[in-house]
Structure formats: C-alpha cells, structure tokens
Amino acid sequence: MLLKVKNLKKSFKGNTVLDDISYGVEKGEVIAILGRSGCGKSTLLRCINGLEQIEGGEIYLNETLLTKHNAKYKHWSEIRKKIAMVFQSYDLFPHMNVLNNIILGPMKVEKRSKEDATKEALQHLERVGLLEKKLAYPRELSGGQKQRVAICRALCMNPEIILFDEVTAALDPEMVREVLDVIKGLKEQGLTMIVVTHEMAFAEKVADRIIFMEAGKIVEINTPDKFFHSPDTVQARRFLNLSEG
Amino acid sequence: MEINNTFDLVSIFLKASIVTIEVAFLSILIAFIIGLICSIALFYKISVLKTIIYIYVEFFRNTPSLIQAYFIFYGLPKVFVRLDSFVCSVIVLSLLGGAYMCEAIYSGMKAISKNQRELAMAIGLSKIDTIKYLIFPQSISISIAAINNNALFLTKEVSTMKIILLPEIVYQSFSIISLRPDLTIPIIGLMILCYLVILIPMSFGFSILERKVRFAEFGC
Amino acid sequence: MQNLGVDYIIKAFPRLLDGLAVTIKISIISLILSIFLGFIIGVIMTSKNKLINVVLRILLEAFRLIHPIIWLFVFFFGVSYVFNIQTDNIVVSIVVFTLWGTFEIGDLVRSYIESVPKIQFESSAALGLSKIQMYVYVIFPQIIIRSIPSIVNLATRLIKTTNLVFLIGVPEVLKVSQNIIQVVYYSNPNSDISFTMYLLLLFIYFIICYPLSLFSKYLEKRVSVI
C-alpha cells in the first residue's frame, strides 16, 4: 500500500472537520473524493501533505509514518518531494515565466542542474501541449493553460503521488476539458493520484475508486461503476439525486 | 538660566512646549489656507497660476526645511527685513506645510469624478459654487487622512526650528545639556515626554476627526 | 545689497562639495542598511507571536512619532552619558537614520507580505521549498518591485533630513557653509553672502531631490499597472 490513512481527526475552532478517517491508496491507483462543499474533502487532502495539522490519527507513506502532531516545517519539505499538490486557484508565481515556474522546485529543492530540470520541464510541457508557451508569463495565459503548467510543475518533482484539489472548479467549461484530459493522460502513465472534484463524469471515467464523504466522515468507498449507478448508502443516493430505494 | 530644582527644569520645558504648540497651530492653520487657495487656483486651470503653484510646491517639497529656515532667517534679512525666530518659524513651516496641504487637498479634488463637475456645469452652477457645495465636501473625506498626516508632520518639524533659535523643546534641551550634562537623563525624558504628550492626543484626535468626516460622507 | 559674496563661494565650492559628500554618504549608507534590515524586520513583523508584534509596533511608532532630531540627541548625548564613552557623531547619525529607515521599510514590507495571496505561500510549501527559499525566490521578488517607489521616496526624505547631523558636529554642508560665512563676515561685515549661500544650497538640493521625486512618481505609475 502506497498511502495509508488511519483514524485521522481534525478540528477547526472547536468544530470537527475530519472525523476518524481511514483509507488506503495502492500504487497506480486513482482515487476520486466526492462530496458536498464543506464535507472536508479539501481538508483531507491538505492534511496528507502537511498544509493542515492533524489532531489525531496517522498517515503512512510506503509504511513510514508521515505525520507527527505539530510536525516542523523542515520535516514536511522532504515529504513534499514525494507528495505533490495542484491547487484550485492559480498558484503559479506571477513574477516568473512558465519555464522558471516549473524548474524552481527541482533546482532548489532537489538540487538538480538547470539543464537537467529544463530538459524534463520541456518534456512535460510538450506532453500537455504548451511547449510554445515556455517563456510566457502567467498573466498571459488562460486559466486552463495555467492549470496545465501547474500540473507540469508538480510532475517535474517526480512525486510518488499527486493530489489535485478541485483543480477545475474555477475554470470555464471549455478549459475544464483540456485539464481533465491531461489528468486522464497521467493515469495512463500509471501515476498514483487523489483527485478532489465536482466533475462526476470525469470521476466515473478516470477513477479506480470513489470515496464519498459527508460532514467529515467517509460514508462510502466503492468502484465508480457501482457508486454512480447503485450506491450502497442512502446518503450517496441523495447526493447523486437517485431515487431512494 | 538657573536650574536649582526640578520645578525650574519642568517649567522651562513647559514654556518650550507652549511655544511648540503655538508655532504648530499657526503653521497648520496657515498651511491649510495656503493649500486650499492653491487647490482652488489649480482647479480653475489658469495655466500661469498652475506653473507658479507647481514651482512653489515642488520647490518646498524637494529642499530641506533646515536650509529653507536658514535662508529665511539669515539670508532674507540681507535683502528684506530682519524677522524674529517665532515669525520665521511660522513662515517657513506654513510655506512648507502649504505645499504639502496643496497636494493633499488637490488630489482629493481631482479624485471626485469628472461626472460631478459636468453635472454641476449642466445645472448651471458657477465654478465657485461647484467647489463650495459639490467638490469640496466630497473631497474632504478623501483628503482628510493626508491632511492629518501633514498636520502631525508640521508639529514634528517645529523641533527643527531649533536651528533658528526658536526657544522650543529641542532648543532648550541643547542649551541645558551644555551647561548641566549631569541632567542628561531627565532632559531626554522630558523631551520625549513633552512630544508624546503633544503628539499622541493630536494623533488620536485626528483619527476621530477622520472617522467622523468619513462617516458623514460615506456613512460607514 | 552689496557684495553677494559670489567670489568667496566660488573659491570655497570644493569645501561645500566635501560637506555635501558627507551628507550623501550618510544618507546612502543608512538607506542601504535600512533596506536590508527593513526586509528582515518586515518578515519578523508578520510573525504570529504577540510579544514580538507588540514590541516591534512600539518601536515602529516611536521612530515614526518622534522626529529624528530628538533621536540624534538621545543617542549622541544619552549613550555617551550612560556608558561614559565618547560617541562618534557619524556613527550615531548612521545608527539613527538606519533605525528610522528600517522601521519605515519594515512596516511597508510587512503590509506587502500580508497582501501576497496565501496560495503563493502554500504552493511554495507544496513544492517543498524551505521557508528561506520561499521568501527569497517567491515572496520578495514580488514585493521588491512594489516597494521601489516608497524606497525612492524614503531616499529623498533621508537626503533632506540628514542636514540635522550638523547639530551633533558632523561637518556636513550646512556647517561648512556656516564656517565660510563666518570667515567672510570677519573680513567683510557687510557682506550679503548668507543670502547667496543658502539660496545656492537650496538650489543644489533641489537638483538632487527633484529628479528623485519625478523618478518616484514615474515608478508609481509603472508599478500600479503591473
């Protein structure tokens, strides 16, 4: 098992946001986390790479314990080389061009050479179809293009697992497609991914497993086939607007 | 001067503080009036006046106030008339303050949208009435912060007038310390205390004024 | 209006320039130190530690509210009295103006850091950058550009206020000019040299500061477009 989450608990100002979450992710698997807004799916993702502190439970990567309560920043720097994240809103650095945005991480964190990092960056850019934009600045790109660059940036760190936090939520419908196509391509390459999304059709096509959350708890874990057509739980049915019965 | 006890020391600083407040008050007042007149003149867009005012403002904003003071106190008497340090201080600070106030008030007036001015013209309001009833009341709430800052700035600058022998707080401090270096600590303490006592209530009063003006204008 | 003393001024011009050099040197050194320290203080000011925040705020207000002339006095006379040492007037000048500039820039930097979208911090963290790497490569480049107009503005104010140091004996341009005037009065009591001298000084400062303030206005326009 690549990633294992056990009894995760998180509160925010006295409110329980994550309540006893447990699940596992195998290498090469794509997990889609679905649920209504505020059910805790983004928070769950952010706990895995340390952007949120957890109050209870454990997270294991490759059988090594990841989280310690109140872990220091330096500890997470190491882990984030293996767990990459792409955010919902445009998180490219505005003062650097596309290429520099992508190679900053590999050069400064992994200490790779500029030529080495650039070569790999250009490969990724080509695969997502943005090679000609390599010297453009973020403000010159569309939302979909920015997200594709953000994905390249995450890929260049050669992570073991990539987390996607509602990456198409802020995009116009036309651009949603181009980003989801990239993610589909990554699945075909065998990358392990956890995707938090609202795009049901996408989740159905790409995910190996669906985790459905409500009010901080995991309500149902199922294959997309079963989940979307005959889910086990009443809550899932309500969520999908299927008849209850 | 004779300093036999604490009372003497305190009374010197008290008198110096009063001088500071007097100079500051007059300077702020006159500076505001100068700034107002200049802003209105700029508003009328008479090009000759515009150039003169521009030169005035840029000159006073880009030269040190100390040299301005020296010039008016030591230099002018040669061609003009000998002035005493109080009058000189007020003149220097008023002119300096006027330049800053003009910027503050005029930028507030500029910020009132062109629509307002055209609206006034369409109604047939005379230029002076436009300013009085439409532009000025609205621009005040935009400029008030800068105006307050300038007032505080002028009050602080009074201390630099020590160099033209104005018997204010810093001047007295320098005088006493050369006679009685043993009093260094109390002098420093009194110096800072006097300025805090003048500036903190001023600053506080200005924030309240600012809030009141904004409330009257924006209701928030 | 007799004898404007122009010939004396021309003869003494090199000395005036020396004095001016002292003023400019103090301003530049203070400015550079202020920028460097100011950015560090700015980062520290964003810390969530209440004690640090309160202490730094008090220091900031102290240097804002109290005019540098008073701080020059305090540091020059106060330090020498308390520690029983002879304070060097140039060192004191640089210390006072550096502290003044540091807190001004620090407050500016703090507000700029707080205005950078939180997502930038998170992206940097998600990439694995260390805190220092994050500030050096991502955060500072973005705010340096925005802070340049204010830094130029501070430079102008420094140059204008540094004159004060003659009060603690630094041989800057105002003191030099006073010496020259006194020498002239000794041999020529009716000279009008003070008129010309100070007018000249005003003019010299104007040619230094006016371009700077134009530059600052130009930069402000450019920065607001970005």
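We call the chains A, B and C, going by the order they appear; numbering starts again at 1 in every chain.
Criterion: a contact is a pair of C-beta atoms (placed from the backbone, for glycine too) under 8 Å apart; a residue touches a chain by one contact, two chains touch by 3 or more.
Because the structure is predicted, anything quoted here is derived from the model rather than measured.
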Given which chains touch which, is the overall layout a line, a ring, a star, complete, or other?
-> line
Chain centres computed over CA atoms; the one at greatest distance from subunit B is chain A
Could you name the chain whose Cα mean is nearest to the mean of all protein Cα atoms here?
-> C
Between subunit A and subunit C, what's the gap in Å when you average each chain's C-alpha atoms?
-> 48
Whole-Å distance, subunit B centre to subunit C centre, using C-alpha means?
-> 21
With chain centres defined as C-alpha means, what is the inter-centre distance between subunit A and subunit B in Å?
-> 58
Any chance you could list the residues of subunit A touching two or more other chains?
-> none
Which residue numbers or ranges of subunit C touch two or more of the other chains?
-> none
Within their complex, state which residues of subunit C touch subunit B.
-> 1, 65-67, 69-70, 73-74, 77-78, 81-82, 156, 159-161, 163-164, 167, 174, 181, 192, 194-199, 201-202, 205-206, 209-210, 212-213
Subunit C-touching residues of subunit A, taken from the complex the two chains share = 49-51, 73-74, 76-78, 80-81, 84-85, 87, 89-96, 104-105, 108-110, 153, 157
Can you check the complex and tell me which residues of subunit B touch subunit C?
-> 58-59, 61-68, 70-71, 74-76, 78-79, 156-157, 159-160, 162-163, 170, 173-174, 177, 181, 184-185, 188, 191-192, 195-196, 199-200, 203
Which of the residues in subunit C come into contact with subunit A in the complex?
-> 117, 119-120, 122-123, 125-131, 133, 137-138, 141-142, 145
